[in-house]
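Two complexes come next, and they have one chain in common, chain A, joined by chain B in the first and chain C in the second.
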Partner chain A sequence: MDQGRPRLPGGSQPVLEISGLSIEFDTPRGVARVVDDVSLSVRSGEIVGVIGESGSGKTLTALSVLGLLPKRARVRSGSIRLAGESLIGLPEARWRAIRGDRVAFIPQDALRALNPVLRVDTQVGEPLHLHRGTPWQAARRRAVDLLTAVHLREPAAQAKKYPHQFSGGMQQRAMIAMGLALEPQLLIADEPTTALDVTVQAQVLKLLREIRDTYGTSILFITHDLGVVAELCDRIYVMYAGAIVEEGPVRRIFARPRHPYSEALLRATPTARSVQAELVSIPGQIPLPSELPPGCRFVDRCSVAFDACRRDPPPFAIEAGHTARCWHCEPRP
Partner chain B sequence: MSAPTTAAVAAPRSTGRRVNWRRYRLLAIGGSLAALTLLSALFAHVIAPYSPYDLNVAEMLQGPSGAHWLGTDELGRDVLSRTIYAARISVEVAVVAVSVGLLGGTIIGIVSAYFGGLVDLALMRLMELLFSFPAILLAIVLMASLGTSILNAMVAIGIIFIPGFSRLARASTQAVLRQQYVEAARTVGMGDLRILVREILPNVIAPLLVEAAVAFAYAVLLESARSFLGLGAQPPEPSWGNMLNTGRGFMARDPWLGIVPGMAMFLCVLGFNLLGDGLRDLFDPHLRD
Partner chain C sequence: MSEPLLRVSEVSMAFDGGGPFWRRNSFVAVDGLSLQIRPGETLGIVGESGSGKSTLLRIILRLLRPTAGQVLFEGRDVWSLSGRGLRDMRRRMQAVFQDPASSFNPRQSVGSILAAPLEVYGIGTRAGRREKVAESLELVGLNASFAQRYPHQLSGGQRQRVAIARAIMLRPALVLADEPTSALDVSVQAQVLNLFKAMKKELGLTYIFVSHNLGVIRYISDHVAVMHRGRIVETGASEAVFSNPRHDYTRALLDAVPDPTAGPLGTGRQGQRADFEKPATEAPQCSK
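Entry: the complex of A and B
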């Protein structure tokens, strides 16, 4: 039946496959392309990181997978496939069936993402009621199991509390429990640890890895924090000004970043080992989508820019599964 | 010895288990007066010592006495009994009017804020149109076109309340819409209706309930004003408004005829206003200890 598309061997079938995705905004000053020709894939049981500064388009890319782009934004071109099924152009009712059931979203600020007037067990069990029609009582009982699975202490007692009675880490655990309710194929986490203390952060990351190991859930992890990426992800995509500039296995990129932007990002991350006199920063700031320089979008801030950078570089393969969009990576003839 | 220990264990976050009466003062006073009005209305037939309709010309215009605590009126009817029975019509009108206003205003306000754009524009202009009429005038116009039945009076007063409730609901909804939990509800796959009912309504209801208590007091006043003008409850049906109007003629010789229904109205309106203030304090998270 499926002759057109060669099936990948089991286990490496991509759960999420975005290809050539471009998203545009209508602004008073014209059309702004905020996500430009982005392709990324998440295989079954894989944790994939997308790193970038604010304004790099990483959150919009994530929201497009849920069909929740802001009203002014629209997908210009490209495709999004969830386990082979094309998502773009689906009617709203089909989107609603996917959200929370097959794709769960974990937001940055868990407290603000929880309804302040509903008890935690009601909210954690809500997806069950919504998608499966589980009666409320059973959904709330299941919520306690889920809270146990995310290692909340005294889950039965805590389940009856209101979100504001939880600590930040507990709130994030509750959000993750809610995301797990229907055992989705894909979990999208948008900077879920940014609002947390470092120690709590580590616990939440450990929990996410455990979820992947237990349920085989694929995770798309959006962040600007390289430390978190190093700890959690299998592969990463580095985004800059709406485009992916480098992708590859996390170890390779950390050991040897090939795009000057990735390199600068790594250098700008303070580490315990290196004694830094002062914090390193990348000069300049991320260009507005309407004011992209011609050619390579990083050219204005790049310390190693040369003549070739006036043209937009294609992704050059460096090794298997590792590419960078920089003319310095062009294979020498 | 054990008492302070248990108190400390039971309430680890506050300093003691003591109820802070100062905080609930308004709620307690307002609630009692409001309850008094509501109970009088509900159980008038039990509480009232006499029938409000029975004439007794032999005992007309008597001052307060052991038999008639608050005296009798110009037809010899017991003033206390009539005042108690009169609570019925006030409460009846206010309950229906506030329900109409609360329901209509909340739906219009939430829908307006949630869908925005043209829907918002059209609904809010309509509300402003209603708002621009003086309340009493609007009530009289509505009744002139609908007829002067008691049901029409209730609906007319209710319609007057709709713009106020709708603006409040709209403003609260706009604030809630900016909250992430509404966005989060979408990521779980909730549709518009479910988001409106489960995420938005419970988060905007508190200020609306405060407004409802105050509107209740206002409805009582409006109903009394109408009765006073002879547009509301018709004699012999007792209402605070028409009793006050009758009392007006006897102000110099038999002042209790006017003072008693006036006081009843005053206490009722005061009670519901205080109840509103008390509820506001109760719901305000900044005043929570």
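Entry: the complex of A and C
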């Protein structure tokens, strides 16, 4: 990674632009809409977080950008554009050219994603061989450079090892090195630190930030952990039961969340850094896609719901770049 | 000061680490560890993976025989017990584990899961047991109709409520919880943590609560023990340890926790973070 990626002109042009995306599953009990009208963008060099609990649709949204949706799922409507190119309905051959080359994926479980019978350098160098036709020997040498870039200790010696000989943090570093091999415009990371200890997690988060600062790589970061989002991201999208309920700059949302769900999530998270007042738990549970209430999908668990909430709220602008889908945020005439 | 309910003294656990017989390796998971807990306290044990916290819990539960040391529960050495004494001890000490799905028999209804401890101890008549099951379900915030359900029909939070109900069926003195909320979503985690707190108040329980999540430990515990490499490196009243950590490892651990209320990484706190390259097991050692 000796020469930096040429920055896109304008700096703020979206690398990724998802608009109006809906994803559905066919189930024995009918169609389940698991992602509903999601619009999201990632600008060049930006780290964007998608935060949500299980069933929020955050992972499916990410997988749709990689063309890796499960077979039973289908995109019902909407568009996904990567640096202007539409990704919906591409043939598999075209997907293979995009994946790894322009978008790389960092999964939660690095050990499961790595091939147990190949040495680390072979795997990290493989994208170069497959996409660029780099001879194997050169690709493995390049792999050592990449492992150096992700601060793996003694990269030359470690490169000859097998994944099971690595600790969890080292495995995740190897995955990140592999992701960087072709200098993609966009890294998609799905809970990459969830399985790691906190001290190792802190190192990996710092590495991701460093990668953005050095190479200008955009990062879409999927997580359920509010703390991680606060550390890493510039902007966030809060997802609940398949829809984005709030979006905005991370500092703003943490200082003053406007959607009752975002606020409840913050107040339900125990913190180690300060005295914790009583945790306010959110009553009930996340509704299944087939059991969504009419109107706002948070209405049944919301402490401030009122009559208007029986209708689906549109995103209301609170200020530039900060919106919340809650009738309480409707501008008063 | 009341007598400790549980006293762990100088307990060690060495596992066989393989190797040829003339040069056998061993891995010391718990290393000469002592702790005690008084009735009504909640002791939080926090540590990273490999710190020995789960091994310690298994030793206390008498699931693992330590290679050295002693566990005294209500004044009696748990390994000296047998027959009736052992049955009594097991009744007075219950556990809640991380994955409630794997700690239930999928073919048993919630009702029979909860009645099982009563049957084992020959408590009550069939009708009386049914009543007790309903009562316990109400206590953990589920209604009595849940007795007819099966584990797969429950959400993660509901399953953990049932696990708590099972643990309190026999009105134990001590409940050990191993990462009981780490498989749950944040909103549900708060419900379950608050349930643990409410149960303690209601039934006068004593808890040992193991977690890697420092926020959870701070919220639930009166006393905290920080484990690192099989030892307790720091212990004390929860607020004291969290607001004024004395050991370098505790400080490194606290500093690595991403916190929604703190600024982003790289704004001054970075310098105090755990060393970038060292794996957790080599995190800063005590400088004293």
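Assume the second predicted complex is superposed on the first by the 318 of 333 C-alpha atoms of A that agree within 3 Å, B and C clash if a C-alpha of one lies under 4 Å from a C-alpha of the other, contacts with A are read in each partner's own complex, and residues count from 1 in each chain.
Here is the rule we go by: a residue touches a chain if its C-beta (ideal position, glycine included) is under 8 Å from a C-beta of that chain, and two chains touch if they have at least 3 such contacts.
Given the structure is predicted, the values throughout are model-derived calculations rather than measurements.
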Touched chain A residues, chain B compared with chain C: C
First, second, both or neither for A:H131, with chain B first and chain C second: first
Partner chain in contact with A:L66 - chain B first, chain C second, else both or neither: first
First (chain B), second (chain C), both or neither touched by A:L232: second
Touched partner set for A:A264, first chain B, second chain C, both or neither: second
Touching partner for A:R94 - first (chain B), second (chain C), both, neither: neither
Touching partner for A:K160 - first (chain B), second (chain C), both, neither: neither
Which superposed partner A:P116 touches (first chain B, second chain C, both, neither): first
Parts of chain C lying in touch with chain A, wherever the complex brings them together: 48-49, 155, 157, 185-191, 193-194, 212-219, 239, 242-243, 252-262, 264-266, 270, 273-274, 276-277, 279-280, 283
Footprint of chain A on chain B - complex, ascending: 179-181, 183-191, 194, 198-199, 202-203
Complex interface listing, chain A residues touching chain B: 66, 68, 95-101, 104-105, 107, 109, 112-118, 126-127, 130-131, 178
Residues of chain A that touch chain C when the two form their complex: 53-54, 151, 153, 167, 169-170, 197-203, 205-206, 209, 224-232, 250, 254, 264-266, 268-276, 278-283, 285-286
